[in-house]
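For reference, chains read A, B, C and D in written order, and residue numbers begin at 1 within each chain.
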Amino acid sequence: MKDVQQQRDYRNIPINKVGIKNLRYPILVLDRQNGSQATVAVINMYVDLPHQYKGTHMSRFVEMLNMFRDQICSLKTFSTILKEMKNHLNAASSQIEVTFPYFIEKKAPVSGVSGLMDYTCGFYGTSLEDDSLDLISEVIVPISSVCPCSKAISDHGAHNQRGEVRLQTRFKRFFWIEDLIQLVEQSASCDVYSVLKRMDEKYVTERSFQNPKFVEDIVRDIAQQLLIDDNITWFAVSVENFESIHNHSAYAYISNNKKNLQ
Amino acid sequence: MKDVQQQRDYRNIPINKVGIKNLRYPILVLDRQNGSQATVAVINMYVDLPHQYKGTHMSRFVEMLNMFRDQICSLKTFSTILKEMKNHLNAASSQIEVTFPYFIEKKAPVSGVSGLMDYTCGFYGTSLEDDSLDLISEVIVPISSVCPCSKAISDHGAHNQRGEVRLQTRFKRFFWIEDLIQLVEQSASCDVYSVLKRMDEKYVTERSFQNPKFVEDIVRDIAQQLLIDDNITWFAVSVENFESIHNHSAYAYISNNKKNLQ
Amino acid sequence: MKDVQQQRDYRNIPINKVGIKNLRYPILVLDRQNGSQATVAVINMYVDLPHQYKGTHMSRFVEMLNMFRDQICSLKTFSTILKEMKNHLNAASSQIEVTFPYFIEKKAPVSGVSGLMDYTCGFYGTSLEDDSLDLISEVIVPISSVCPCSKAISDHGAHNQRGEVRLQTRFKRFFWIEDLIQLVEQSASCDVYSVLKRMDEKYVTERSFQNPKFVEDIVRDIAQQLLIDDNITWFAVSVENFESIHNHSAYAYISNNKKNLQ
Amino acid sequence: MKDVQQQRDYRNIPINKVGIKNLRYPILVLDRQNGSQATVAVINMYVDLPHQYKGTHMSRFVEMLNMFRDQICSLKTFSTILKEMKNHLNAASSQIEVTFPYFIEKKAPVSGVSGLMDYTCGFYGTSLEDDSLDLISEVIVPISSVCPCSKAISDHGAHNQRGEVRLQTRFKRFFWIEDLIQLVEQSASCDVYSVLKRMDEKYVTERSFQNPKFVEDIVRDIAQQLLIDDNITWFAVSVENFESIHNHSAYAYISNNKKNLQ
């Protein structure tokens, strides 16, 4: 049977990325509390295509994924799968992007009632010709923020709202995403819970009110902590507030390698 | 050229709705302030298909839409287009669903600074065999709500958030969607603006705080006003609060024809 | 601490549904091949609220969900949780809506290479005052369809595209969603796979081409099989084709209880 | 009234981008056929914030937008608004991102029946300290593609599907987005229409079938034309095919400044 993909291409144009996108797939991820956690990812996989080939073999991406199906999605698995992608597809570089909901058991602050908080996490890995792995880890964390301006100028109350922090990091050594999530949550006016009883609701309302923060404050407070963490070599952090007084968002973003900031 | 759609079908199964879905289209809608407003709609158009026909002629839906392109999307246009759909497609019933962003110039409550608030509106029309038109009008209105429980139990502050009210109505006589939107906005803890200067922010913060409402309160306050409006023959109203203390929504819904409630 | 929700309400308006919406939650579902399957759901939970109460207690919904966390999401669990919701929230009716991705191991038609196909499934349960359970099961199945008109009038080829079938059913006895999915897949021009080698691609291309179907054909073929299945008491089925020659969809929908059709 | 934003910040961390996000707004854009076109945009506006300031003044973004409300969104308006943003917000850099549906009247290829095709377009402008404007223009174009492998190995037919091309360009002189859209459409197996009569459907089916292309072919054919257009100084182009035989996409991407490719 003819292999059209394998044919010689004469346009002389290499392709940066070619592969599959938006594949839903069940995965296992590391979970500090329970060893591992079953969740459902959306996965993209790409390789480069040298100028002389007409096409890549798309079915091999899914086959490789199936080979790693029962393994926990870890740094080591990522590294191995990226190398395999280059081998099986004769490519010089490979990329894999995995995003998934992640659940952490979290106790309400006063009653101690336990609930499952959901976060969206991601891993973005690239392998170049020398097999070096560039890995970016991402957490998307819902938060609560109280407006400092509204609090300062109003006789009582202050507008507040749900926000979303997106934090991407490059790092030297393994770390738990639980720690990144906690760092983000502690930088908000207050963190967000799945179950709050009345005594907890009183607590989070008062804590938020005593702790008003603009989107500008939240990105800066997160940046400040990442700057002194020598395991983090690069980060990009954004905060989007779904303003309760507007129908649009307030937004702030800091991205930098640490040399530029210090 | 063969007309496959026209062929006789022997499965003996009529089809309730067949047509086109998710067509983006520029439209003109009535605007109380400016006469008309240009916006961009997403449109669905369906007819029924009697059991004896294999298929409908999909291209005619778009052609009919093109015929009405420069006309303002009004009750009369709706009625005419629904009749034309039945004629051109030999159908006993026809349906058209149109949703679009709608903008209203709105002044900030203290400074009077003007801005454009965006709402999502919809018209859902059905024409049956006797040419009677069943029309549902929809407005989706962003609002602000302050939690009465949080306010009552906390020493200061109260959690609040953006919410979204979705109101559908059937009615006897023409009315302005501006009036429905205003009715919804006045039932919230406070309405939402596109521009607020500091003096306005103080006003909306204090007004909200003095006016705490659960999702339950907001649907009921809206329902209460619709019940005494004799132009409204049916309504369905929901409120979804994007809770600032949770990562999920609080929700309430009342749907009823007025006889059942009174 | 004050219980604001518990207060008497004087507006005299009962609320049809009040509760939580868009909660992400890890669940276990029955899996014919493997006993059970871990996946991630989006969950809505509602009860009615009698006119005399100001509010419901939102935190109890999540607490009840946590009580059932390690149990497989089955007919029995659904029935129990719906009763518990009525008890714990003093309500006459309760509703739960659960949607989730579901994976089935599926072999390519010629090579036999195995892959995981993803479907979106849902369960929608309502319990009324007499504790009777109304349960609707939903499957959303990606399919491939070849246009019969395009094939009939063209010298070669025929436009085809990905489509999506949404099938909801009410039923008398337990059945496997795998069977509903299979019924849908066999009614398309061809079903869809996660891995296809070249010999498989030849097979699905040729099978599709020999089996052209309009959206009208697909809904009718599905309806025809459900009509003779005496376990199904009601169904609603739609097909949406993401047309490859247009930027909008073709759509067909049949909804009926079986008495009306026969 | 206190100006909290104006306060001195001591964290010593500048912010790359701060502003508003996801604001819906009616705009006028240049239209080659009709002079101008009214549409509805989603707009983001950001400035940088030096380390010494606590916050930016979010309401000014919307006020500036309102000042330009009746002007056509052109290169000149972009340049002016970006300068105004820096002035009014004491910033060294400013950014504006505008995306919107755009409609072009397009005749069916044989019957000549006219319809409105919808595209999604975008302008992304950045102004730095020296007032130089960096502008990226984007078009997202729906297309049809026939698989060359499927055609080559099958006895008849070939799988095809809707795809989406996203093309971003930097350029020296003004050009019409209509020209970029046409360049993309001519690089697909066939372009997509809003109305096709039967004779047109025959034409597009046959033309597609004679013109099979992988995502790899489409990005390369587009890249090839941009490489010889000396008005284009940079481009990034991706093609995503919503495969009709899979439930995931095939994807290819080329991004490069022209020096690297030649």
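Methods note: a contact is a pair of C-beta atoms (placed from the backbone, for glycine too) under 8 Å apart; a residue touches a chain by one contact, two chains touch by 3 or more.
These figures come from a predicted structure and were not determined experimentally.
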Chain labels contacting chain B and also chain D: A, C
Co-neighbours of chain B and chain A - touch as defined: C, D
Between A-D and A-C, the pair joined by more C-beta contacts: A-D
Greatest separation from chain A - chain, by CA centre: B
Between chain B and its twin chain C, rotation from the CA superposition, multiple of 5 degrees: 180
Computed distance of Cα centres, chain D from chain A, in Å: 25
Interchain centroid distance [CA atoms averaged], chain C/chain D, Å: 35
Euclidean distance of C-alpha centroids - chain A vs chain C, Å: 29
Two or more partner chains touched - positions in chain B: 1, 23-24, 118, 149, 153, 194, 196, 198, 202, 247-248
Contacting residues of chain A [partner chain D, same complex]: 1-2, 4-5, 9, 11, 13-24, 44, 46, 49, 54-56, 58, 148-149, 152-153, 214-217, 219-221, 223-224, 227, 240, 247-256, 261
Residues of chain D touching chain C in the complex: 117-118, 142, 144, 146-147, 149-150, 153-162, 190, 192-194, 196, 198, 201-202, 204-206, 208-209, 242-248
Residue ranges of chain B in contact with chain D within the complex: 1, 3, 23-26, 37-40, 59, 62-63, 66, 69, 101, 103, 113-116, 118, 194-199, 202
